[in-house]
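Quick one: the structure is below, questions incoming.
Lettered A, B, C and D in written order, each chain numbered from 1.
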């Protein structure tokens, strides 16, 4: 194994503080990556805000189009999984790998359920006629648009932005679930995380909390406002 | 990297987040107030929740400034972009 | 905090038992990845050049059959005569290849990978495997883009800036699959750059050798660091925009389609919000490497090291708030135009500081005109023209006339060819020995330099005059316009010079290949430089150092009175030097 | 063939050209300074055996000077440019008495709608002509630009005026022609494969000629 590969899983910075940030490489790398993720979501969310701000007429009513109740539950679920993630992190810091495995598994389950519910929500929405291009002809929503309960001019924009933003968030959650599962199977189960070495848990945790944070913003601006 | 800082009470943060989410829902669908105030309050609550996650779950509260900068740098850029894009529609 | 454990890894150098595939194909060695980037992006440079030649043929000799054009299919050039729809594909793909697949990977992909670990004194990148993925996603992006030239309906047709709604709606552009492949390819390029950037940033922050403080970093590393930050934050915006464009194209969303409430200008804001930092991604590394080469060639410390660093930082910071200057005529809010004009003009200040500091470096030097030095000096001379012509378009009333004319084409080529490419013609022979252990041929290098310098100016300087006549960009046949007909001889002149310029590049490519096997062996330090990389054998071995070196001074101690020679390597310990505090831990 | 800018055909062409000249002089000085300096250094300080370069890390005074001079110049240039910009393209720049003409751009033609005898757009006496822009000399004209499909750009080199026509937006650009004659209007923004032939004739006429043409064209359009 090369030197560099060996340092990757180190919980220590490669060099003393005066030569770096006093943060080990993977953690620093994850923070740097998250900075770029912020810009990615800024592009998507910014697009949404700008389109909505300059929209021709009234914005679509989320309360009618979407199923807020189920998404509110999903939001709660994601918050819970963030807490379980941080509990896993606290457990391994205390040197309790068993408790860590329990909380990590709970996080994975929470994340997977979130994705499952989101897929269900998508199917439900598409059945009702809410699609990325707006409203499907001849569907339930199309009737509401015809009756004037939903604005025809902005449904297309709402569909575009809604599915793109929530879809990419869902994609990020899926990536998080996959990487946590991978870490669970290859590192947590074989007992490779210890009180001294838990970099993977901390790093994937940062990612997971970031995904949760993005959802908090998305839930408010897409579903509630 | 031992935990030099006092560990926050994660369950308490969780309760906070849950209560704030419930408050958001109530605000959005139950309270009869003007849409503009609602918008501001909802954004405020969302930022509050996001800040809780960032500060406690992602431990930004306990990191050094040079790492916090990493998280902060993109934010003004995003704000500049959104404001410029919005200004198209107010002239 | 002690770090003995972290630094005491066995050094892997000199017993290399990796298989061929692990060593040269799916390599995680930063130097091999750099070389992979070099070969692939030189190929794309050639492709971009070939596309430009076809454009120049059409502009110089509109409607005449192109020599050798008979090999092109009927859908592009029946009987060798270029069709308008093929011409706009050429325009689009020339820009796309040169920006995303030639200049950017040549500067960042090649030299960030190759130089950063060598110059800061570490064994490899912080995340070697992510680094490998960065190359392979770039490679996949390149293949997709190249393949798009050959699909039915041809490649993307909306210019490299892909202004919506032309790009978003196939019924308006006439392209279909090619347009979608462009979006996919750009998403992959974005991924590649993000992965690369996070690696460079982490490596530079965390993995510097003992004594390598921030203000002892060579300017090349400083500029690559700032470039990586720009790339990290700008490319995700492009990827996001390209994703939305792709969705508009394939799943019928309406982001950029005004017919359904979308906004055409939104694409421009997104694109240029990425695009202007991108412009600095394309020039900052060139500036950094030229600084290294000019100091070396002048045998003098760089003039005003700190202000050079602050100028890089200032350019990068201002680069985020000037994007609107690409949109002065787009119907953007004119008040916003005023603020963008001021920020754009202000960016001339750090650029001027850099130019004067390069001149200050040469002042009272002892100038050695090696091929890298010649090209580096040409960089300064040409970048000045590109920088100064930028002031014209920054002034909004003047931009009203010259926007989207050949004046812009001249300006951007003075920066990207005269700037970035001359810097590469300096950097490639300069670090060639460390890559391949041999020097490139000096005589042919000089022939290539002089011919390129002459033909390059003959091609691009007259374009200013075309622009002042109002010659629009991206038009297939300028003779359509009566007011442009008198300028046709100038278009012919430019085209012939362009063909000669292209032919001259063959010298470079032949020299490059020939020297791989036949070049003069270079030895450790052919340019008598101070950098850490020159303490290693050429080519540098896998893992770089047996033991991480210790740094005692900055990289530009040329002609120091402390030693009789005119250079003083960063690792050489003089009796007066103190051991850096961090070194005691690393030494054991 | 000119080696300098084309004919000044509008009221602000002189201002634009003046600014162009001013920037040419400013940048010309910087250009000569740098290039002559470079050549001088290249010749004077070329390598000679036995010589060692002058060892210096820079001079704060010199750097302050060459930071301050460009900074002051650029800020001044920005203020001057902004003065003209506000007058030409600013929010309230369109003269109130400007004569309105609507131009609808589409792949690949310019549909020019004239207000007819009443001088107002949107009334029944409007008429549309393809690819011909007739304007009376010496009178401010406001062009209302719209686009059917993609982004086009209205560009008349002799007027020094350029403005994109963006689908979904309604953009006003104004100018006042000063020299009667026939000129060309081109599309300056890549708009598809016919971009290069998206051109129109511009006729700057005296008011009488313009009125006569309007009468005739309105008849032709209605018949």
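Quick note on the criterion: a contact is a pair of C-beta atoms (placed from the backbone, for glycine too) under 8 Å apart; a residue touches a chain by one contact, two chains touch by 3 or more.
Given the structure is predicted, the values throughout are model-derived calculations rather than measurements.
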Result of counting contacting C-beta pairs for A-B and C-D, higher pair: C-D
Gap in Å, rounded to a whole number, between the CA centres of chain D and chain C: 31
Rounded Å distance between chain B and chain D, as computed from the means of their C-alpha atoms: 45
Centre distance in Å when chain A and chain B are each reduced to the mean of their C-alpha atoms: 15
Between chain B and chain C, centroid-to-centroid distance (C-alpha), Å: 38
Numbers and ranges of chain C residues touching at least 2 other chains: 233, 237, 262-263, 265-266, 269, 334-335
Touching two or more other chains - residue numbers and ranges from chain B: 73-74, 77, 81, 85, 88, 91
Residues of chain A whose C-beta touches two or more other chains: 12, 21-24, 28, 32, 35-36, 39, 42-43, 46, 50, 54
Contact pairs between chains, per stated definition: A-B, A-C, B-C, C-D
Footprint of chain D on chain C - complex, ascending: 84-85, 87-88, 91, 157-159, 163, 165-166, 172-174, 258-259, 262-265, 298-305, 307, 329-331, 334-335, 337-338, 341-342, 345-346, 348-349, 352-353, 355-357, 359-360, 362-369, 377, 380-381, 384-385, 388-389, 391-392, 395-398, 400-401, 403-405, 465, 468-470, 472-478, 480-483, 486-487, 489-490, 558-561, 566
Touch list for chain B against partner chain C, complex: 73-74, 77, 80-81, 84-85, 87-88, 90-91
Chain A-facing residues of chain B, complex: 1, 3, 7, 10-11, 13-14, 17-18, 21, 24-25, 27-29, 38-39, 42-43, 45-46, 49-50, 53-54, 56-58, 63-64, 66-67, 70-71, 73-75, 77-78, 81-82, 85-86, 88-89
Chain B contact footprint on chain A (complex, rising order): 11-12, 21-24, 28, 31-32, 34-36, 38-39, 42-43, 45-46, 49-50, 53-54, 63, 68, 72, 75-76, 79-80, 82-83, 85-87, 90, 93, 205-206, 209-210, 212-213, 216-217, 219-221, 224-225
Contacting residues of chain C [partner chain B, same complex]: 229, 233, 237, 263, 265-266, 269, 273, 320-321, 324, 332-336
